[in-house]
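Next come two complexes, and both contain chain A; in the first it sits with chain B, in the second with chain C.
So, the complex of A and B:
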């Protein structure tokens, strides 16, 4: 059984980042962005196909949770944190 | 008698011409229902896109501060970004322009010029 391809892993990473960005709450959003970055980076040198497969499916399950929670977070409004820019557009992350 | 006949024929002609004039209008509205053509904006200026992409790349925290970001900058070669960094950068660019870059295309984007090219070709970018 072959593990997930490079493209699949990158696509998963992108989905994870995009859904983390969907969080309304600054703290959750940046927590999940940091978490995704460190997790993918820590496992980037993984060689064993079985371990890769395991990590990949774990990350997929987490993405499912993340998707649901980010949608839920959009149903509730939070006060902006002081560090957040008030206008919609932000290039700084 | 003849005149009334003539008048009748001209009326018939007029209605016929009116109908034929109406027909293309109806045809146009029907086709526009099939494929709605929407124009939200006049499209983005290529130089603006390029400037905004460069700003995003500069704001990206893994870009080395001393690096010169120009329109021809290559993500991996000039900025030393790996594939994960490139994905992060593309997500930032997606956010800036409110688009979603499909995975197949995103795989091919490896430089500022290619990103600008894609955004320019995407009508939904703004």
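So, the complex of A and C:
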């Protein structure tokens, strides 16, 4: 069994970040960005091929959820949060 | 003739659609038609701006006060920061994702066992039950779904007491319990039971010796909450469980604020009944559960009679969408337990340190035995409600949501022996999975500024600064 390649993992990571960024809700956006960063960093040193395969498919499933939910978040929008700049510039964090 | 015309119209309108590059309907809807919901603050801002544009002199006097009341016109949004996680939590998008299919296709009644519509929802319900049981190391059959922790608490207190009414007539609980436990206990008092309300120490903790002394031969139930909803104090559940087991009394714990947030194990802690709420763990509202031990069996009389669903303890058709959302929320609590704990603890320390740096502030409840996600702080010489009014950009509460309508000071803080003034000036901060560092920084800054501002207005504060002991003053005119 061959596990996912380096490129595949990086592509998945990038897509997860992009979809997390798609959330209109401030708190959800920052939570999923934080989660993606820590999750991929923690799994970086995984060696066991079966475990890698498992983590990869779990992350793929989560990406599916993020894709759907970020679209829903864009459909039902609310005002920006008091810590969120209105001009849409990314905050330093 | 007519048919040929319609056909040609149809084919014409269809043709360009086929040639167009493929695009997703969802994305199109999302960008064309967002459904915007505005905060009330938006309206308040608008009103203020209008008023200011119309008259300059009238508003001027209030401007300085309002400037301190909330951040204005600085290029930031208007929606308040949510820091009331003990009241309820935002629904996690992953929970919503599992729930949506129950509103689009999976509509079967989970109790219908004659067709596949029933089977498929029943399967989802059972897997949700498994996730909920796993979190507290319980068996699947021991989880009974209810409408929320209030119903669970009522089921436990009234159910157990009524079942054993022939021999046992005594219930023990504490003064700092949630309103629904206190009221249920009071209702049992009217039915002829005796209820002991235990006092708590200054830290909010139950004295185990006092508890042991209160247990009698006819005591049927001890009900003590795991994490307090107002001050976040964690009771020594394991020791209480052991004590109850030794004295052969059933032990019920209200874990609405504790489930998924602190490690709980029903077998290790000898818990016989446990109330759980879904909307405190990022799940849907209107859903809860009660854990009822099977070995040794805890018998209780159901409050709701009906078709005998949920082992006959809680009849009525389940809402599969809510159950599945609850199950997913429980699964996520387990999956994210370590990450969430670290995050909440870090933010809590930051907030506590930041706020206690203001002079004349104090943390309510035990500093060691606590769930870090609930921080209750008293700001002396500031009225809690006026501080909340001044903090329109932060969603906070001075205590439990059920009692915030009345102007009475919190009974929980009273039970800790705090005086009225301090109980009035306390505010509860709830930190959760979705709280960010940025928000905490904002809150610390905002509170520091506004406490200072409100104190400047107060004549009491002037006296304190001059070194006059407030308690030594003899007030005249009363």
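As a convention for this text, the second predicted complex is superposed on the first by the 89 of 93 C-alpha atoms of A that agree within 3 Å, B and C clash if a C-alpha of one lies under 4 Å from a C-alpha of the other, contacts with A are read in each partner's own complex, and residues count from 1 in each chain.
The rule is simple: a residue touches a chain if its C-beta (ideal position, glycine included) is under 8 Å from a C-beta of that chain, and two chains touch if they have at least 3 such contacts.
Being a predicted model, the structure only gives us computed values, none of them experimental.
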| field | First (chain B), second (chain C), both or neither touched by A:80 | value | second
| Quick one: chain B or chain C, who's touching more of chain A? | C
| message | On the A-aligned overlay, A:13 touches which partner chain: chain B = first, chain C = second, or both, or neither? | response | first
| Now for A:21: first (chain B), second (chain C), both, or neither, which partner does it touch? | first
| query | Is A:40 in contact with chain B, with chain C, with both, or with neither (first, second, both, neither)? | reply | first
| said: By the touch definition at the top of the document, which applies to A:54: first (chain B), second (chain C), both, or neither? | reply: neither
| task | Report, in rising order, the residues of chain A that make contact with chain B in one complex and with chain C in the other. | result | 91, 93
| For chain C, which residues count as touching chain A in their complex? | 26-27, 29-31, 33-39, 41-42, 71, 75-82, 90, 93-94, 96-97, 336, 339, 343, 393-394, 433-439, 442
| task | Please name which positions on chain B make contact with chain A in the complex. | result | 55-56, 59, 61, 82-84, 87-88, 90-92, 94-96, 100, 103, 106-107
| remark: Counting only contacts in the complex, chain A reaches chain C at residues 23, 26-28, 30-31, 34-35, 38, 62, 65-66, 68-69, 71-87, 91, 93
| note | In their shared complex, chain B is touched by residues of chain A numbered 6-7, 10-11, 13-14, 17-18, 21, 37, 40-41, 44, 89, 91-93
